[in-house]
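Structures follow.
First subunit A sits with subunit B, and in the next complex the same chain sits with subunit C.
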Partner chain A sequence: MNIVVAIKHIPSLADELEVNDEGTNLDYDMVDFVLNEFDEQAIEQAVLVKEASGGAVTVVGVDVIEELDGVLHTALAKGADKAVKIVGDLEPGIDSHTHARWLADAIKEMDADIILTGVQAADDLDGQIGPMLAAHLDMPYLGVVTGVEVAHRVATLYKEYAGGMMGKYAVSLPLVVGVQAATKPPRYAPISKIRQIAKTAVIEEIEVDDDGPGAAVMLRKMSPPVSTGHANMLPGDAEAVAEKIIAIIKERGLL
Partner chain B sequence: MDAGLDKVDAIFEKETAIIDGVDISGPWNRMFKERVIWEYTPELIDKVADLPGGESFAWCYQCAKCIPVCPVDMVGNYGPRKLYRMAQTGTDLHKSEELWLCTTCANCLRVCKKVVDMVQIMPAVREQAVLDGNVPEELQKAFEDTAKFGNPLGQGQRKRAAWTKKSDVPVPIMKKHGQPVDVLWYVGSYPSYHPRGIDAALAAARIFNALGIDFGILGPEEKDDGDTQRLAGESGLFEMLAEHNIAMFNKYEWNTLVVTGPHELNAFKKEYPKLGFDRSALHYTQFLVQHLDQLKPMLKHEIKATVTFHDPCYLGRHHGEYDAPRELLRAIPGLELVEMGRCRENGYCCGGGGGGMWLDSFTQNHTTMRLSERRVLEAVAYGAEILAVCCPFEVSRFEDAAKSTGNDQLKVLDILELLDQSMRG
Partner chain C sequence: MSNDIFVVTECLDGKVSDISYEMVGKAKELAAASGGQAVAVMLGSDMAEQAGTFASDATIYVDDPALAHFNPEAYGKVVEALAAARSPRLTMFGSTSMGMDMAAWLSVKAERPLIAYVNSLSAEGDELVATSQVYAGKMAAECVPEGESAIVTVLAGAFSVEAGQGGMAVEQIAAPVPLDGLKTRFVEMIMPAAGDIDITAQEKLVAVGRGIGSEDNVELAEELAEALDAAVAASRPITDAGWLPKTRQVGKSGLAVKPKLYLMLGISGAPEHLEGMKDSSLIIAINTDENAPIFDVAHYGTTEDLFDVAEAMLELLE
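And then the complex of A and B:
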């Protein structure tokens, strides 16, 4: 079974995000990039599926800032078998349509049985990569999945709904899955192992041309949100604060 | 764990005993009776002792001197003798939760005649556990954050010098400074990011400026020293960070390397040299004590308080420095320094070393109270109003402990903060 994980390298939210001078996007020179955390879950789920049912895991991503190697080495240390990066003369801020098209073109050559990808990413929160991959590859898609098992070319997928409801789906391969969370928390890859792999691993490269925005949507203006309200800090000890809270609740007629 | 030596019930002696044709009759022929010793599992001791660094585990002769000095035993059931006995009777330390409780405080090593060295044993076994994927969740998070962001607090690398914006005195950052400095100040992760650590860093900046010290910091080029991650079993992460920091140290010209924290002191003095770093370092207390004549007249304002000092394990026992922090405290007018029972060579551990900093919830299942709470109770019992510290791990640990034990009146302050207060009033 060929298990493919499509990943995305995105700006780290641990950094103070700054908008560029033109006010059109983030200042990408002022942020570090990290692996999208939902993709981290997708990698873990892929390795779990491989461990349970056999197969090989290929991880593929677009190398936006030429720093994807570390992420791919980590994936290999966690149990992936092959790493592929999509390279070219690229600038950060590639939209999800372009991202999905490049990933789909790469995956077409991989004879994939199941494709896992993070259900969304913190950079655009649009959750489009999975569905668009499925459309390009002409496969079914199921998103917000929290567990994957595969047996006899049928994937059993678990999906959590509001109100504590759990859905269980059986889908024939091939398909694309948008992973919300893996069945287990992502495992730890010891740095010594990653460094060992970094010395020997061969990362396959696929060249693409950045031919401009892939969607009709273009980002025209970006700015930090203007704060409209403010929090009121109530000074004093616990009792005094509690009294003030009660007074405020009464005053606003909330009781 | 109950298979003990006391299991030998009766000493049984044959009237005549002939073994392999040799008559060994006599009181000592009891030696040939099968005893409980056959139930032991020496292979689990060997499993530890066979690791590079784990050798001394096998030297333990069960004298138990280490137990009363082990800070974890004081709030639980621990110590090298007990770990050896557990291994002897079937516990695989590699897989046991006990593996994560030792803070590498080295108090057992101080008293052990057989030089059983937990400071070497623990990282050796933990490294294997990490490679096998057995890492407590909290610790894994600290490892991941350190690998991703260069600090265990999970804050952005680029924000490492953000604290300097709050400083009312200049804090030159080497990259922009563009000239050699006398003192390269390695700030460290907690003083760079933790709100209470930043208070100490700001105080240090003011003191250095007042003394006219020509200093600079690495800022965004500085990463965590990694030594505590190494002791917690992540040697690869340690090496990665060390290579980075050594390259940064070598990139600039400076005369003295001064660190805020004892763990960094340990890293730069004992561990980085193994990776080719050939220069020394000073803890800030050691550095400031050299300027005491100049500093003293600046300490104008009295701090009228009973103060006790907590010896950090990695400054005291690991590097033999007990006097510099005390000399600084004694230089502050009005301050009365009282010693706790467990001080200097026998100083109690705050629980943060060896990875304990990132294992508080995990450790809670094995101890009756946190080590930091035990220590705070001791400080209070000695009448302290202020608990003075000089390790960036400790301020937040002890402040939390003071609150959780209902001793909010006990103030926890870094010596840097006390000096700064006395200078500024």
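And then the complex of A and C:
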């Protein structure tokens, strides 16, 4: 079984985000890039499927700022078998539609049985890549998934809904899955193992050079959201704050 | 291209989700400005009654046994066919488990631009302006879609529920495309485990988030809850880690609560969590990060250490 994981390298939310001088996008010089957290779940789910049902895991991503190798080495250390990066004369800010088109073109050559990707990413301004991959590859899609089992060419999937409800689905391979959370928390890859792999691993490269259709969305302005209100911050040390909180609760007749 | 606005509504377990009414209300306002109709689209089986609860200008209800439960393959095909036939200027989906499965797929299939995570929509002349909450709500991106027809996914709670509620005549139709040979099959709906307390029925909740640090510390929250005669709720990372049962999770994939007191220990306020608790009568947030989004929503807040405050409260209450 060919298991493919499509990943996105996106601006890190750990640091304060800054806007460019024109106020139309992020100042990409000021941000670090990290693996989309949901893609980390997708990688874990892919390795779990491989361990349970056999197969090989290929991880593929667009190398937006030429720093994807570390992410791919980590994926290999966690149990992926092959890593592929899409390269070219690229600039940060590549939209989801372009990501999906390039990834789909690469995946078409992989004879994939199941494609896993993060259900969403923080930079998905023009939508999530999972359903787009499904549209390009003419496969069914199911997202917000928290469990995947594969047997006899059928994937059993658990999809989250509001209110703690969970839908169980059976989908014939091949398909695309948008992973919300893997069945188990992502495993840890020791840094020594990642370093070892970095020395020997071969990352396949696919060159892109095109002006195909993108998001077709004009970004007019980007700024931190204007907050409509702010909490009344309670003054004093922990004890004073505790006293005040209890007083407020009592005022409302709740104690 | 028509000036109509399609709203793809949703039903979960036989009940219309609030996001559907929220979108219909907004669609009506936009359609009135552009001279089109707000068209609610509902897919299902034996759900004509629910389809008649919208304040839309028109409602199309597609009835087919294959649509009884959400199936992105079947639903996608039907919405694609309807949109192709009636050419709406805008198609709205919820930024939900259902809407997210369809919107980006339709965007590629129908070659229409998509703007996701939208919490503000307006018409400026012929242009549609949508604001997308990207980077987990840390940035607001004001966007204009190119071309004559666009798609948006709308965040829950962005617009009024009441404006979309009403009763309109329903045009019931059969599926406009054949729905046999689907590769996706809905098997069953698994309901949340019963037996635990129902946090939606509690007057007072003490909610714990990532800031609580470890499973052992959850006990402190439980003690504080007991002293306040409250129950303990949690944000997603806590139930994902297994520190509290899933039945205690508040937010997008958990439960929506509206208690008289929502006391938050170490929750930063991701949009997914806010969706489930923002209507609580009294929200008090304890979080050391002064920039945490929760302070935009809470009524009272403190950046004092949550353990110090919780222990001091316990002492005072005893």
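Here are some notes:
Basically, the second predicted complex is superposed on the first by the 226 of 255 C-alpha atoms of A that agree within 3 Å, B and C clash if a C-alpha of one lies under 4 Å from a C-alpha of the other, contacts with A are read in each partner's own complex, and residues count from 1 in each chain.
As a convention for this text, a contact is a pair of C-beta atoms (placed from the backbone, for glycine too) under 8 Å apart; a residue touches a chain by one contact, two chains touch by 3 or more.
Source: prediction; values computed, not measured.
Counted by residues of subunit A touched, the larger count belongs to C, out of subunit B and subunit C. In the superposition on chain A, A:I203 makes contact with neither subunit B nor subunit C. Look at A:A100: by the touch rule set out above, it reaches subunit C but stays clear of subunit B. Of the two partner chains, subunit C is the only one that A:E239 touches; subunit B does not reach it. Of the two partner chains, subunit B is the only one touched by A:A14; subunit C is not.
Legend: residue contacts after superposition of the two complexes on their common chain; A:I65 is shown touching neither subunit B nor subunit C. In the superposition on chain A, A:K168 contacts subunit C only, with no contact to subunit B.
In the superposition on chain A, contact of A:I191 is made with subunit B only, not with subunit C.
By the document's definition of touching, neither partner reaches A:M110: not subunit B, not subunit C.
Once the two complexes are laid over each other on the shared chain, residue contacts for A:P140 go to subunit C alone; subunit B is not touched. In the three-chain superposition model, subunit A touches both subunit B and subunit C at residues 185.
Of all the residues in subunit A, the ones that touch subunit C in their complex are 11, 13, 17, 19, 26, 96-97, 100, 119-120, 122-132, 134-136, 140-144, 156, 158-172, 175, 178, 180-181, 185, 213, 215-234, 237-239, 241-246, 248-249, 252, 254-255. Taken together, the subunit A residues at the contact with subunit B in this complex read 12, 14-16, 30-32, 34, 185, 187-188, 190-195. Listing the residues of subunit C that touch subunit A in their complex gives 12-13, 17, 69-73, 96-98, 100-105, 107-109, 111, 113-117, 129, 132-147, 153, 182-192, 203-204, 228-229, 240-241, 246-247, 249, 252-256, 260-261, 263, 281-286, 294-305, 308-313, 315-317.
Put simply, subunit B touches subunit A in their complex at residues 130-131, 133, 135, 137, 140, 143-144, 147-149, 154-159, 162, 234-237, 239-240.
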